[in-house]
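Alright, structures below, take your time with them.
In the two complexes that follow, chain A is the common piece, with chain B as its partner first and chain C second.
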Partner chain A sequence: MDKGLLAYLLIPLLSAVIIPFAARSRARLADILANVTLLAGLLNLAWLALRPSVIAGGFADIPGDGFSLLLVGAVYLVGLCVTFFSAWFMEDGQANRPAYYSLILASVSAMTGVVTTTDFFTLYVFIEVLAVTSFALITTDESTKGIEGALKYFFLTFPASALIIVGISILMLSLGSLSFETLRIFMASDVPPGPVTFAAALIMLGFLIKSGVVPFHAWTPDAYQGAYAPVSAHLAGIVTKISGVYAVVKLATLLRFFDGRAAALSEMLMFLGLLSIAVGALAALRQKDFKRMLAFSSISQVGYIVLAAGLGTPLAIMGAIFHLVNHATFKTVLFLNSASLEKSAGTTDMEKLGGMEHSMPWTSWTSVIALLSTAGVPPLSGFWSKLLIILALWEAGLRGYAALALLFSLVTLAYFMVMQRKVFFGKKTQAAESAPEVGAPLLAPVVLMSALIVALGLLFPYFYAYAKMVAERILL
Partner chain B sequence: MNLILIPIVLPIASALALLFISERTKYLKELLAIGAAVVSLLAAANIFLQPPPDLTLRWLGSWLAFSLHADNLSAFLLLAVSLFSAAISVYSFSTPNKGPAKWFFFNLLMTQGFAAGAALSDNLVAMLFFWEGLLVFLYTFIALSQDNHAARRTAMKAFLINGVTDLCLLVGITITAYIAGTASMSEISRDKLTLDYGWSMFAYVLLMIGAVSKAGAFPFHTWIPDAATDSSASFMAYVPAAIDKLLGIYFLARASVYLFSLNGTMQLVLMSLGAVTILVAVMMAFVQKDYKRLLSYHAVSQTGYMILGIGTLNPIGIAGGLFHMINHATYKSCLFMTAGSVERQAGTTDLSRLGGLFRAMPVTGVCFLIAAAAISGIAPLNGFFSKELVYKGTLDTGYTVFFLAAELGSFLTLASFLKLGHSVFFGDCPEGLKDAKEAPFSMLLPMTALAAICVAFGFGAELPLNWLVVPSLAGMNIPNPTMSGFHLDKLYFVSLIVILAAVINHILGLAAGGGKASKASDHIHYAPVLKETYALAERRAFDIYELGMDKAVPAVSRLLFKADRFFDWVIDTAPSSMAGFLGGTASRFHNGSYPLYMALTIAGAVIYILLAGGLK
Partner chain C sequence: MDLSIKMLITAVAVPVFGAFLIPFAARISTAARNAFAVLLGLFTFVAAASLASTVLGGQTADFTLNFPRGFDLILHADLLSVFMASVSAFVSAVILIYSLDYISHYDNQTEYYAMVVLFLGSMMGLVFSANLLWMYVFWEMTGFASWRLVGFFRSDRDVAKANKTILVTVFGALCMLLGIIMVYFDHGTLDLRMLHGQAISYAAAAFILAGILSKSATLPFSTWLPDAGVAPSTVTSLLHAAVLVKIGVYAYARIFGVTFAAPDAFSNTVLYLAGASALVSAGAALIDTDIKRIIAYSTVSQIAFIFLGLASGNKTAFVGALLYILMHSVAKGGLFLCAGIIEQNTHTKDINKMGGLFASMPVTGTAFALCSLSVMGIPPFGGFFSKFLVFSGAAQNGNLAVLLMFLAGAVMTLLYLVRLFYKIFLGEPAGHGSPKEGSVTMVASVMALALIGLALGALIYYPSAYAELLTNTLGVNLQ
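Our next item is the complex of A and B:
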């Protein structure tokens, strides 16, 4: 466990415990406590990483490997956006308000644990905590769809936990230790891998299921679509990324794919990544529901990260890290906007929506920014991460992979174009006529995230320096 | 600033300045244009008398320098270009029917500047730049001269014909520069290219196509007669009669004797091209019923003499070709000017509605007589001497057949000018033209100046030969040919026979046409076999442009359309229907069925574990 970052784990946990008691009589106090906790954490992080002196020094002063810090930042950012959004989104009389915030803070705490831990067993524990909080969060509004989604999420991902624990046991038997460092040193040595890579492959499979990579993706559309609206942003934006994709990237670096050790696993990972990209993008093309399309898009974007992780070269890892962060920004914007649409227009069915740019300009245009970033249109941040990934593939001599990744990036653009035309542009439909723009508090998080998308794109050289530092620390 | 830039930069700058002058000002535009043209003429004369140092600007690396070089031939050409620009700009001061004055003078000055640039460029690429610039202004010149559909159609025709041949020139220049390793003409000429192998042959043929098409030779001439009816007399006097001939023949001479050393086959090709051009065009000219259209066919036909002369490849023939080039520009410009003033004063150029104008327009009439005599090769005017040199050169090669063709052309030329002169200036004056007056001074001045040059270059033929032509040949490293002035040898008697034959033909034609001068060619026009041929020609059956537009272009565009549909299908319909199919399949698959999802997950996990466990 990275002790420097322990406070980021403990403080939200503490708040999560306090909230039910503090907010017993005054429910609003729960919102305030949650927001304050996350905001304070975020400011603290910004101070840690974004001081001018740190930036000028090429981020050499960042504690730990930098990867954890970055992801803690992303977790807090998305968490803050979601809690802030929820504070105004939730109906006033909703019964389980304190529980909701408590769960969000608990999941933030668990995610912080996931990204700061340095051994497999702790990782497993936090992943399970995260999964439990997620099941509960999905069903916040107690709709049937939400419960169905939660159940699918639970049943389809429980094999993952089993596989992970089996993998950990084999690893323990063969390696004698569960710390990341041991595995890294073992992979760097010349000892024949034997059961170690098999154990790692089992753990990897568990995380692949958790990240929703094709063919283990079937739970994602239903869970995202059925979940309580802000929760889907939380889930798609960060939870599944941390509980699955982060661990995949981490394992990929530990297994030193760029060395050619565990080459079979590397190839398999890349194949699954590309498969996800293709299936997610193609399935998204024909979706009728805004949130469901976003869910398939999420599968496709996760594919890019897994593909890059499978390649494992420093450039690819940089691309994967950057894409992970970008994915958190644009998917949060899109899902929060879908929640706004649902609140204002009463539906997320694309057939019923149309011409929303007239009645909900802010929601529409922030969505457009996020869509373009997802599709990889310069100069938005999504362009750079996809560029890094495709460049890495090209450099590694995998021309076919690079070309296909590029091609499906075009398909991404295609389905988002379809969505833009159906939802935001074109003629106003009946649903749009009676849909007022949501209030400023609901817009604030998406505007902040959109600004971040543009800023990350424009200030890419700084981010590149950071990602380079991370890649160097975790790979060498 | 180097003096060599003035003839290029001054006209272009003045042309741009013209655009800022209000349309309502009177005479200001005309005076500016005349001033620019006259100053350029003075600068050109200065360059001719005292060649300034070369101007070389580094451009696109070392082998592509933008270099201007005034050797004897270039300076001679520059002088001619500037002379005709000055003459035409004065002439156009009061011609009507030239389109908006602003645009007319803009085009004129632009053409002048670019023509001067093409004449002075030593680098082939720089020359090509100016050459292609002329193409743009050729189009705007015709298109803006009349505000009707025909003018735009003819402009497009001229543009396309010249565009295609300019493309040939571009390819030719590229290959030449590649073979020679340099694009500088003076450097290439130090070690001339030969036609020994395919690529250099190809390059030369392309250069030749570019040059003769600029000069308006068969079969690239077909836009010129159309332009005669669809644009102004000033334009005809300037571009097809003067500038195009000058540049085309200039570059033909450069390519044929300066850059390449040709062989016998190519000599035969050039001479045949010249002879065919002479005969085809003069046959057409002979039967024309319109003043300007008749002249325009002669403008084509005379090109044949120049190509024939250069094609002989012997010093006398080349000298004759170059001399004919300047002579032709002089008398043909003068003839088009007379056509313009007749058009202005009488209101028509239709031969059947003109007649007896000599009394009303004596100065125009005299100028016409001089120029017509010059073009027909009547001694001792300038046309006689240049034609004599061409004949002599042709005879020296031993191909008598070309000599006979040229003489036949000469006969028909004279015959058609007898018909033209008779029907315009003599005979009965139609009712409507009784009160016609002489053209204004600004039109008569350049006309008489050019007629005077015709006379001067005739009686004093030594002068232009020794001052202009021989130095040009010397500049191209051709030994000094022995040329003589007027003397009573057999060529002179042949010319007398030709004159006699033409007069007899005219009398016969008059008798056959019922005494009407405009019908004096009908006995040939409607002769048994020729009648059908002429009918076909009038229907433009021999016009490669019209043929191409009617036959080839629709087929090719249909083919391209089909190809385009196919590419559309490949990049649009096929991928989107495939993506749609796959997307539909994928979304139908995600039907929410829990057992299906579970089965998929487990199957995937099993395969993964098997593979991870080492199963291959």
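Our next item is the complex of A and C:
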């Protein structure tokens, strides 16, 4: 456990416990408590990482490995956007309001646990806590679809947990310890890996299922589409990234893919990554529902991260980290916008939407920024992370992978063009006529995130310095 | 900091960031927004042109913003970039002025002005970038702006055309990025100043060429331009024909003309591709009946002549190609703006429904004729000198097949422009109501461009001296 960051785990947990009691008579108190908790944490983190003196020093003063801190920041940021959005999105009379915020905070706390832990057992515990909060969150609006999504999520990720625990047991038996450090030292030594690689493969498989990589992606579109609208942003933006993708990246660094000791595993990972990029993007082309399209897009983008993690060179890991953060920003924007559309126009069916740019200009233009970043159009942040990943692939001599990964950006752009034509530009439909732009509070998190997308793109040198620091600390 | 460096930075930064302030200016009033947009355009032109004195004095201006891994943003003003920047900023400024009337009664005007200025700014960035990666960055930004501009009207057809435009050009751009990555790993740098005179591998050159051809709408990527041309506003199609396609030409001149020494086989491939492009599109221009499509096809065909000059590998042709860029921008700009006036006043784009318009639109007709003559290459218009130099350079190169293809192309240019002029302005009126002359600013803009075309022919000494100086100082591997 990275003790320096323990407070970020405990405080939201405490808030989660307090909220049901505090909000018993006044339900609105739940919103305020949740927002204040996350905002305070975020400000604290910003102070820790973004002081001018820290930036000027090339981020050398950052405690720990820097990776955890960055991801805790991402978790808090997305969490804050979601809670802030929910505070205005939720109907006033909604019964389970305090429970909803408690669950969000509990999941923030669990995610903090996942990214700060230094051994597999704790990791497993937090992953399970996260999964349980997610099931409950998906069903917030108690619709049939939500329950269906939650059940699918449950049934498909349960075997994943089983695989992980079996893998962990084998690891315990063969290494005698579950700490990350032991595995790292073991992989750096000359001892034949034997069952350790097998155990790692099982754990990896579990996490791949949880991150929704092809061919384990069946649950994601249903879960995202069925989930309560702001929850789908939470889920797609950060939860599945932390419970699956982060763990894959972490494991990739521990297994030292870059020095070829677990070459078979690394190749498999890269292949699945590319497969996800392709399948996700091609499937997204054919979707008729906004949220489903975003879900497939998520699968495709996760593919880039997994591809980079599978390569495992320092540059690739930097790309993966950057893309992980970028993905959190642009997917949150897009999913929150889909929630706004749902609230305002009453549907996310792209056939029924159209010409929304006039009635909802802010929603439209923030969506455009987010989708261009997803497609890797410069100078937005998504371009730089993809570029780093592609450069890393090329540098490692995997030119075919690099070229394919690059050209699938075009498919990404293509499905988003389809979406833009149907939803935002194009003829106004009946649904669009009566749809008002959502209020400023609902726009605030989206605009903030869009600004971040632009800023991360323009301030790439700073982010690069940070990611470089992280890669050096976790790989060397 | 030196004044010229300040001018260099403002020439890029003012339009790029100014574009995002246009929506705020629109909050004040329509007039404020329009004035602001035109001012941005004029200011950019002045800033770019003011660098001419520096580069003519044998100096260059450089500005570097450090990025990791050799991705530095380097702005570099030399003879070529200042030439290109001045030409495109000038045409864009004319477009902005002409737009004041032309688009005043359509929706989405704020977006329109913001995108034209953003386009201009990214064009400036592209032209001044001395780092291949940043050329790519600005390249994509121009793609984004033109996507919004082609989709200016929001009917499904227009939006689909806009999407086609961006997908074709982005496909090319991604190929180009692949080529850039190859250069990066072959040479360890993307700084064009350091790559000067180096050899480039065939594969990298081919990938970069794909990007260039897609942007300049040359075969096999030519289909998007006529489609973008029928998209809504003539102004938009002008922006594409007169400025956007020049990006590809500029990139060719920059990368293969003054930086890398391209393999001979590569240059020959380009010549044949360009020749085919010139013929096919001239043929299409001969049979089409939509005035804007004809002019768009004509652009595709003329761009091929510029490639002929750039790829012929000798100084005469290179000078001719540079002059061609200038002459074509001015003359084709004039033609498109005339087409805009005609379309707006007759409410049709079909040339079969026009005829006898000279009586009612004498000034537009004269301007159209003057611009056509320049595009055809009739002396003493500017277009004559550029076409003459390109052909004499190509003759020196000695590739007879290519030369014949282009001669046929030049004859066809003559034919389709005469046909166009005849169908529109002469012959019997064909039931188009009572067309009248366009508004004063619009007619003034086209007449100005037509007269500039004539003046450039009379004063050909100055532009050609500039082009020769450029070729002699910067040209690589030219005989």
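Annotations
Throughout what follows, the second predicted complex is superposed on the first by the 476 of 476 C-alpha atoms of A that agree within 3 Å, B and C clash if a C-alpha of one lies under 4 Å from a C-alpha of the other, contacts with A are read in each partner's own complex, and residues count from 1 in each chain.
We adopt the following convention: a contact is a pair of C-beta atoms (placed from the backbone, for glycine too) under 8 Å apart; a residue touches a chain by one contact, two chains touch by 3 or more.
Predicted, not measured: the structure shown is a model, and the values here were computed from it.
With chain A as the common reference for superposition, the partners chain B and chain C occupy clashing space. When the two complexes are overlaid on their common chain A, residue A:P379 makes contact with chain C while staying clear of chain B.
Within the superposed three-chain model, A:F135 lies out of touch with both chain B and chain C [touch as defined at top]. Once chain A of one complex is fitted onto chain A of the other, the partner contacts of A:Q287 are limited to chain B, with no touch recorded for chain C.
By the touch criterion defined above, A:W88 reaches neither chain B nor chain C. Contacts of A:A414 after superposition: both chain B and chain C are touched.
In the superposition on chain A, A:F121 makes contact with neither chain B nor chain C. In the superposed pair of complexes, A:P159 makes contact with chain B only, with no contact to chain C. Applying the stated contact rule after C-alpha superposition, one finds that A:K427 touches chain C and leaves chain B untouched. The superposed model puts chain B in the path of chain C at one of 130-138, 382-390 or 436-444, which is 382-390.
Judged by the document's definition of touching, chain A residues 414 lie at the interface with chain B and also at the interface with chain C. Contacts from chain A toward chain C in the complex involve residues 355, 357, 372, 377-379, 383, 390-391, 394-395, 402-403, 406-407, 409-410, 413-414, 417-418, 420-421, 425-427, 460-461, 464-465, 468.
Note for the complex: chain B touches chain A at residues 579-580, 582-584, 586-587, 589-590, 592, 594, 596-598, 600-605, 608-609, 611-614.
The touching residues of chain A, counted against chain B in their complex, run 152, 155-156, 159, 163, 197-198, 201-202, 205, 208-209, 215-216, 218-219, 221-222, 264-265, 268, 279, 282-287, 411, 414. Those residues of chain C whose C-beta lies close enough to touch chain A in the complex are 66-69, 71, 136-137, 140-141, 143-144, 151, 154-156, 159-160, 163, 166-167, 170-171, 174, 177-178, 181, 184-185.
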